[in-house]
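Quick notes on the structure that follows.
To keep things simple, chains are lettered A, B, C and D as they appear, and every chain counts its residues starting from 1.
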Amino acid sequence: SKFQYVKHFEQPHDLLKNTFIVVRIDGKGFSKFTNAHGFEKPNDDRGIELMNCAALSLMKAFTEIIIGYGQSDEYSFVLKKSATTYSRREDKILSTMVSHFTSAYIFNWCKFFPDQELEYPPTFDARIILYPTIENLMDYLSWRQADCHVNNLYNTTFWLLVHNNSDEDKTSQEKQAQAHEDLKGTFSKDKHEIMHKFGVNYNNEKDIYRRGSILVRQWNATQLNKQAKKEKKRKSKEEEKKEETKEEKQDITTKKKPEIIQDKEKSVIIVHEDLVDKMEFYERHDLFEKLK
Amino acid sequence: SKFQYVKHFEQPHDLLKNTFIVVRIDGKGFSKFTNAHGFEKPNDDRGIELMNCAALSLMKAFTEIIIGYGQSDEYSFVLKKSATTYSRREDKILSTMVSHFTSAYIFNWCKFFPDQELEYPPTFDARIILYPTIENLMDYLSWRQADCHVNNLYNTTFWLLVHNNSDEDKTSQEKQAQAHEDLKGTFSKDKHEIMHKFGVNYNNEKDIYRRGSILVRQWNATQLNKQAKKEKKRKSKEEEKKEETKEEKQDITTKKKPEIIQDKEKSVIIVHEDLVDKMEFYERHDLFEKLK
Amino acid sequence: SKFQYVKHFEQPHDLLKNTFIVVRIDGKGFSKFTNAHGFEKPNDDRGIELMNCAALSLMKAFTEIIIGYGQSDEYSFVLKKSATTYSRREDKILSTMVSHFTSAYIFNWCKFFPDQELEYPPTFDARIILYPTIENLMDYLSWRQADCHVNNLYNTTFWLLVHNNSDEDKTSQEKQAQAHEDLKGTFSKDKHEIMHKFGVNYNNEKDIYRRGSILVRQWNATQLNKQAKKEKKRKSKEEEKKEETKEEKQDITTKKKPEIIQDKEKSVIIVHEDLVDKMEFYERHDLFEKLK
Amino acid sequence: SKFQYVKHFEQPHDLLKNTFIVVRIDGKGFSKFTNAHGFEKPNDDRGIELMNCAALSLMKAFTEIIIGYGQSDEYSFVLKKSATTYSRREDKILSTMVSHFTSAYIFNWCKFFPDQELEYPPTFDARIILYPTIENLMDYLSWRQADCHVNNLYNTTFWLLVHNNSDEDKTSQEKQAQAHEDLKGTFSKDKHEIMHKFGVNYNNEKDIYRRGSILVRQWNATQLNKQAKKEKKRKSKEEEKKEETKEEKQDITTKKKPEIIQDKEKSVIIVHEDLVDKMEFYERHDLFEKLK
């Protein structure tokens, strides 16, 4: 029709190839939302598990996502460098991912909050960031986990102070103001000491609170078979060579032994490990390989 | 922290000022979704009303959206030229709008489909298109409504053929193949004739099917007051002048008389009018003014 | 070849359709360049004419440029809304225009500076700005001409003070410092008065200094013929109608009478008119029509 | 002023951090330009040297350019990953670089073409491409040099055929058409054979024709000093350790020995080496380090 020309005003934008695509989703106004729905403070297990459930759903739908990292009201997803979903079209990736996450969050609400009705529909914002190198990407994840750590340390101490404030003349509001005041200018060490006074050892707090949740994509059967074949080929080739580099070889073989996945359901695992500046984390999960 | 530098890899993109921002949302894989949820063919009233409900919710949350236009599994939203939501940041607008729409769709599902459980969470994609002139924008809306018209004409005739195919030896699949075959190469006129044969007058089909749904933002009380004052000022000024241009003045006054809104709830109205190439539609709803 | 894939890393960017494309070019480090080449202060006729010559050359090469506006070491070029040069590819337009301008500037240097050798090659930066409406575009040009005006008023007064400072104990540096001091906090009116004291009436300064240079594309023969035909058709049509709107018609006819261009060489004219907030300027040169 | 708001329509675009910025400049319509200025075919030494001269000038002005690669009418420039010129603003980098190159080309014309006046000002287009990894970047340069090789092989054979065509009845045009015909469908091997027939050994052709020109930035005095210090520190540290890794250490030391630069003038060297798929080229010139 004579109106079709308006279609040409669409301005496509393809994300630079061979870079890691990170999609970060964050709850809009979740200070209010969590309050309105009686979330426990500072960490609500139901809320965390619902976030993880939504993230898992997204990773099942978009198999080029290799890592998911969630904490508080946010989740980051890392697509591998070679990802070609929607030909790397920015608007398609951004919109369908945030829509899917939102959708899964609400759809699964009642499973995790059986006794708490959804008062109003929650929404999320999202953004895409590109990282050209694995170092930048690892720093990104370290950044988010360090943020989790700092916030959780603060919040845990904060609510401890509030709940242990037995001053009956004070309202909850006043107790919170007091706690903020008490924590002003304190360092990490100070907070640990405060907790110690109340008999709390922060290091015994649950990993899921202190470190957030990491979803790691596993190799699938096809990929494992391919790798096995490659490995076999490589080995027989190497055996022809002298045995001088024996040790080194063994080492590689060990590292590369991939997790065994029995069924499709286990295509993504959840861990609560420390990844801040931890090369070792990426090696253990074979992420350097998976993120290619 | 030493990781914070990764934040600077975010690449902000602000949408060109003084252009109309159009956000089009479209159901992902809704051929499958509508089938899986027993939508009536070709038009399911519950589905249409649910879409309109989600759109209305969005327009209540984003008051710079002046027009919404929905048909099939899609909805377009037009922000006024001067819109400053999220400082016109593309990713924020795109992500929060599609998230809000998705959220509202699922949240309200059971109101419109009380007897049909949601089998799986539906998702939507979204894109942003900029139009620099009101002509381009009007053509955009004409384009979508013309699309609605063409598809609905086809679908209505198609299902009429299928349902009236009494050949008992044929499966539904085969009847549909037959109907497609019958419609190949037909023009609008031919389809009207086919319907006529079955006693159907297409022009009597419901407007909501033939034209889709148009959500029009109304002036709010503050704006009306402001306009009333302006108008008053203008009038008194004009009265000082000679009376030669009397008729013209009256005309303007008539046109500008805005709809009276009693309460906040009526801030958006829904109509099913013809807007293809219809200047008059925009005038009647004072859209040239509202879209500024 | 196996390397060809790197071509796909190119990220094309097409400028939004139906918007005015403005390319502004500005001399890089021209404070130094003009000093090094003995430019007269504050305005060097040779320098101005060379800029105009380079701009004219650009407008001959890119016929979709309708207006050029130059002052100081900068030049702005306005492409019409419907421009399709290089399919509106941003990098192509930006790079070839700035390259052409630079090239023409140096190539023609010796014509305007026969006694001054080029000490080192001058360079220019450039940027592209999009304007969706004619009002924005007019404001852009007003902005640049107002800038010219303000700077020229300052510079003219400044150099008058310096040159009339007969204090023999002072170096030129010191006189300039003094003049800056004298002008601190002065308004336009004050500067006019200072000049008046030295017998200078700013309004008698050359238009080319006070207003800069405007290059206006003229209709070409083909366009004129087309318009003449259209006009003829329109007239005969209108004559069939009643004669009530006679006056109005005449008015349009008058306005639309285009400049007569004898030869290709006169395809662009140069004027030094006031365009700040001047609708009339655009009408006189039929720019509303040409910029479409 | 009230017009200043138009400045906010400028849409800045910063190039993704930590990626290699490649700027490729290409002569506009150089088929015509080289003909009009009597360039020798297929390679004109004066033309090549002028291009190299302009490129050298650019690399002196922009010290973050580490590599330049030129062939035919094009030149590519590689900025190091950490480059911060103009805060990585795309339009500034693109426009000033192409302007500088153009400027230097014309400014130096008469040095290389003393007997050939410049008939008209040549212009260049330019584009920016980002590469996230060193592999992609190396492939980019391989791509350009492979292009040089293929074209030069063709052109050399082509002009040999034309010049050796002694058919007196044929015009030059016809001889060229004949040569194109003769070369249709031929492979590299075939072209080598044709040349052999005319007594030409392609491998004896000048490197500058077959491989183009590579400009390599040298370490400057400050950087060398810094590196020397680092090296010293590293060595003394290592000496404390056991001597088991002796061999390896030596190897590194050898590789890292940087070129000695006497004066600022030698900050960029020109070579005509093979870089297609040649890791070794990058190692020899310490480019992995320099490009960081």
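Just so we're on the same page, contacts are C-beta pairs under 8 Å (C-beta built on N, C-alpha and C of every residue); 3 or more make two chains touch, one makes a residue touch a chain.
As the structure is a computational prediction, the values presented were derived from the model and not from experiment.
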Other chains in touch with both chain B and chain C: A, D
Equivalent interface positions on chain A and chain C, same or different at half: same
Centroid spacing, where centroids are CA-atom means, of chain A and chain D in whole angstrom: 43
Separation of chain B from chain D, taking each centre as the mean of its C-alpha atoms, in whole Å: 54
Length of the line joining the C-alpha centres of chain A and chain B, rounded to whole Å: 36
Shared-contact residues (touching 2 or more other chains) in chain B: 9, 11, 16-18, 130-131, 136
Chain B residues touching chain A - in the complex, by the definition given at the top: 1, 3-7, 9-11, 25, 28, 57, 91-92, 94-96, 98-104, 106-107, 118, 120-131, 136, 139-140, 142-143, 146
For the chain B and chain D complex, residues of the former touching the latter: 8-9, 11, 14, 16-18
Residues on chain C engaged by chain B in the complex (per definition of touch): 16-19, 130-133, 136
